[in-house]
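Note that the chains take the letters A, B, C, D and E in the order they are written out, and that residue 1 is the start of every chain.
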Amino acid sequence: GKAASNGKAVAPETAPPRPATIMLDWTINSDHGGLYTAIQRGYFARNHIAAAPKVPSSSTSQIQLVAAGQANFGISYETDLLAARAQHIPVRSVMCIMQHPLNTVMALKSSGITRPRQLAGKTIGMAGSPSDIPIVSAVMRHDGASIKEARMVNVGYNLLPALLSRRVDAVVGVYWTWEAIQARMKGYPVNVMRVERWGVPNYCELVLVASERTIRAQPIFVREVVQSLQQGYADAAAHPLAAWTALHRADAALSRPLVLRSLELLGPVETDATTVGYQDPRQWEAYAAWLWANHMISRPVAADVAYTNQFLQPHVR
Amino acid sequence: MKGIEAREISRTFRVDGHALPVLCGVSVAAPPGGFVAVLGPSGSGKSTLLSIMAGLDRPDAGRVVVDGRDVTGRLGLAGYMPQRDLLLPWRRTLDNVALGPELSGMSRADARRLAASHFPRFGLAGFERAYPRTLSGGMRQRAALLRTFLSEREILLLDEPLGALDAMTRMDLQSWLLDVWEEMRKTIVLVTHDVDEAIYLADRIYLLSSRPARVSAVLDVDLRRPRPYDEIVTSTRFLSLKREILGLLGHRPVVTT
Amino acid sequence: MKPWTRYLPSAALLVIAGLAWQWIVTARHIPSFILPGPVDIAQTAWRLRSLLLTNALPTTEIAVLGFLVALAAGVLLAIAIHLSRVVELALYPLIIASQAIPVLALAPIMLLVLGFTIGPKLIIVALICFFPITVNTVDGLRAVDPDLIRMMRSLGAHRLTILREAELPGALPYLFSGAKVAVTFSVIGALYSEYVGSTEGLGYLMTQLQNQFETGALFGAMALLTAIGVALFAAVTLAERLLIPWHRDERAALYTNRKGYR
Amino acid sequence: MKGIEAREISRTFRVDGHALPVLCGVSVAAPPGGFVAVLGPSGSGKSTLLSIMAGLDRPDAGRVVVDGRDVTGRLGLAGYMPQRDLLLPWRRTLDNVALGPELSGMSRADARRLAASHFPRFGLAGFERAYPRTLSGGMRQRAALLRTFLSEREILLLDEPLGALDAMTRMDLQSWLLDVWEEMRKTIVLVTHDVDEAIYLADRIYLLSSRPARVSAVLDVDLRRPRPYDEIVTSTRFLSLKREILGLLGHRPVVTT
Amino acid sequence: MKPWTRYLPSAALLVIAGLAWQWIVTARHIPSFILPGPVDIAQTAWRLRSLLLTNALPTTEIAVLGFLVALAAGVLLAIAIHLSRVVELALYPLIIASQAIPVLALAPIMLLVLGFTIGPKLIIVALICFFPITVNTVDGLRAVDPDLIRMMRSLGAHRLTILREAELPGALPYLFSGAKVAVTFSVIGALYSEYVGSTEGLGYLMTQLQNQFETGALFGAMALLTAIGVALFAAVTLAERLLIPWHRDERAALYTNRKGYR
């Protein structure tokens, strides 16, 4: 204020950094290791950007907030993004954060269930999201059984308590990089059936979403944010401990053993591509078709308009 | 000064689905500066009549006239003292009494000062800051009377204002009422069930019949004023009036002579 | 006022608000996935009417049943608190505490204890809405004119007779204030209860619609929900009128002298 | 039959932080089947005394004795009629009156029948199903009196039971009260502010001084029973008693002769 | 009763319940991540005390501020509804409707309109807790003895004077019933408000703890939350006592003749 009123030009270095609001998909957790690493290592600051992560009110509101321009970016799910595209909501994925599904079907080791067909005759707990039933259906069909042989019950957000207390025999809607670790840490070994290995097409569990308007109007800004994140996630994959430190600074309530173990598991998932953040056209096409075939989206979606690789820096590993 | 008149008032209530005619063409007139008493059996409709004159209830037929203008249903023209004392439970006694002048536009401080100045005469000294529920029945009634009186209206409608008082306190306040009336020339309509009180205070007495009430007699009290209590109540005219009224009310003539 | 004119102001306001809403949405080109206009909502709701109505039924059922449980529990608790100082001191803080805990946080425990029955759902609804009833009834029982109670005591009335004949009738207006609040909350309670092990009902439907970005239908479901809430409130108000006949008409012609107004 | 005695009762209230002594060693005794009246200035402590005798309030000193047993603070022994009528707003008039016998253990149906049978005499016929707020002040008082009377206690404590009634209705109910008392030999303590009423009804009259109340005089009413109204109130003994009481109450001797 | 003995029954019940709880958990080998025993909870809470207390502060702040907003809004709405039949008919149904919509469903819209300020949080809390105040105050304003109002009218009182001197004081007991309910809800409202773009406060902490399956700490946070709720309720009860002095002592010695009891 003072400098300006004196009529002097404001030097670019003293201007406040440009804010980039990023709606998270959930409370701060290991999935955001790369984001906080990028913040802590100054990758955003280098571009004169101040990243401002925000926690959402519900797991779907971030896409709407991004579309409405209330947030610049959002971390969301490929599934939700394609559902939003089916409603013609003008948002795109600009980066794939997790190259594989994290959502999984999980049973206690003691139950002896190691593969989907053993779910026949069992009770399966779900959280009530629309993908639960198609996923179980797909993995059971792939293994030669039918979902009709299992009993699906909605247990809300109480998947793990329901499983560990044996109210249900298996659950769907948990992450093998989070709840599976928690179960093991509580002394309950679990069997994880990763869905992409049992007939569900591979997809990006988490993506970075921007609105088409932002992409059109501020491509450089988007590039700088995306590339800061690429670097951050590459670092997090390589140095889980550093990522833990960054996360812990952001949220003191995080538990070290759980988050650290999760970061270790997530590293390979984040970097399993030619460059961090890459979105594979064939896989997107296949997943969009699978969603439509399973009635999870209201219209068929052309996958190529749902994402863009144009902002990625190549060869970040 | 203003006079007040009720002209040919009729009022019917519904009780448990049946029509209950209460007032049947009742006319009562208090000339400016006049003191009128209304006597009648319990349940005949005296309170109903007074609340209609106060503008709180509307007659089914008839009009209320003040100074020649139809004011049926108009409120705030007359100071009205209801039969129940109706003190505000959340105001201390002094503030309850001060409500009268306050609602007539006086500042709260002045109203309180004015009210406080009357407390000793009304036997309420020391109870300024007491809540109404701690007062005795008679004290509550006195506070309500004082509140109405201090509302500074030219017309006062009083519904059994002294009914809960013992003989002594009652005589005392009767004299007080006469004093202030003579001094300030208010127009007063008094509902009472005490024949002596009516004769002692009023210029004119309306007798109501039992329900449905009609005016069964109007008597002019031709006793001189001022009226020293002792002389008046022993005068032959007083006694003959009393006998007449009790007779009209259906009482056998047993008045002490 | 004639019965139909009673609803004019409400309807007029609704229409005006609707028009303004539609105008803002149209004029400012707000996309329907963010805020659909009333026309949009009405169309979608009409298209999905059978889906909406099918799911409204179980929600209403849970709301009403839960409210009845809450009513019984709330009044009984209030009576116990009123009758016994020890119960009051022991229980009241716990009852208050029960309201500061988000019910959904208790869901896992209820699930563990009661399994996938209707039990946990009713308990969730009842937990969400018994509190206003209890607080109001306690305050109402205490607000009865103490002289009335002295009168009954002097006539030799038993403690429970006083409760039945003087305190409970005297507390009814308070109780109904609480019940009106409670029944309105019961709708939201029913919604929450469906997050715990349901595959039907408006709450379940709303999650699904939200996940699929069916914003128009989502708003339609919310409109239906509010209609249910208003209807239940009106039902309790009607019950209040029928159960407190001595209260009725007391206020008739209080601010006017024209008979029949209000 | 039971008598009731208040022995050396003292009671002090706190009003606005100050001590207000109201009763100061007051003793009142009603022998079995006796009819006792208490007279005193408004605000002296009559209602306080009666509520202590009813067991509703505890004296700071002194005892209430029934049949030689200390019953201070015991409730339900006597039928008590408070000064405010205190009808239950949610009960219809008949049910309000029936509350008396009901609380004495009668079935509701019997209680209603019994109550209904007294309605005509009390001028309440036709108002059985009316809610109390639609009754006139005097009608409410009559309903409250009937309720107390029907509670079928041997001892009745009546706090100005006829205060809101007109002369006619009042005389009528006074005679009724005497009739039932003579017939059923109840023990009655009557608080009143009407000297005539006290003399006409009671065997013995206690005069209270103004606050703090002490018993300033006890007078035995040596008039024969039964007492036909007309004869009694014209008798010289009645008039001399009245003069004596008014004198004791501080009134100048202006009784009509 | 002496002041300290007042809390004996409550404390005794708490201790008994705690012992029973601990016994069940130990005897039936319930794993602590499902239902931790009180000892567990206490230990965890003590270990995390600074984390808990740091996060309790913003939550309490939002709860209190939101409650005050709700109090003002609730009373003003009630007065408007009471004074004007048209406002009543137009607004009351909408107010009721506002309670049947889950506030969290409105959160995105509020964020869209107001952004990440304190505004949406206060609105969420106020929306959750103004309703009991409004309903109770409306009912309270209507419950004032009509004869008192007639008396005031006959003395020529202005409509607003009647409101100020008769109806509002008469409605206070009802208003406070509503306020007690509201302040209890404000705590949960504050919790919910933290789901909207917050990274501090007990609500955020609880989500995070639940997410990490830190059940012991989660229960610790809930215990803290309930303590805040009970404290706020007690504060409003105290305000009630101070603001309704004519009500106080009315009930003293009503069921007993021993002076000083209660």
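Going forward, a residue touches a chain if its C-beta (ideal position, glycine included) is under 8 Å from a C-beta of that chain, and two chains touch if they have at least 3 such contacts.
Keep in mind the model is a prediction, meaning the values are calculated, not measured.
With steps allowed only between chains in touch, the distance from chain C over to chain D comes to 1. With every chain reduced to the mean of its CA atoms, the largest distance from chain B is reached by A.
Work out the mean CA point of chain B and of chain C, and you get 49 Å between them.
Centre-to-centre separation of chain B and chain D, using mean CA positions: 26 Å. We define each chain's centre as the mean of its Cα atoms; on that basis chain A and chain D are separated by 85 Å. For chain A, the set of residues touching two or more other chains reads 58, 64, 68, 157, 161, 165.
Each of the following residues of chain E touches two or more other chains: 34, 112, 150, 153, 210, 250. Of all residues in chain B, those that touch two or more other chains are 55-56, 84.
Those residues of chain E lying in contact with chain C across their complex are 1, 6-10, 12-14, 34-35, 85-87, 89-94, 96-102, 105, 109, 112, 131-132, 135-136, 139-140, 142-143, 146, 149-150, 153, 159, 173-174, 176-178, 180-181, 184-185, 187-188, 191-192, 206, 210, 218, 222, 225-230, 233, 247, 250-251, 254-255, 262. Within the complex formed with chain C, the residues of chain A that make contact are 58, 60, 63-64, 67-68, 80, 83-84, 86-90, 128-130, 152-158, 161-162, 165, 167, 296-298. Put simply, chain C touches chain D in their complex at residues 145, 147-148, 150-157, 161, 165-166, 169-170, 172, 244-246, 250. Interface residues of chain E facing chain A in the complex, by the touch rule stated above, are 31, 33-34, 51, 104, 107-108, 111-112, 115-116, 195-199, 204-205, 207-214. The residues of chain B lying in touch with chain D in their complex are 13, 15-16, 18, 20, 39-43, 46-47, 83-84, 123, 126-130, 134-139, 142, 160, 163-171, 193-195, 229-230, 233-234, 239, 246, 249-252, 254, 256-257.
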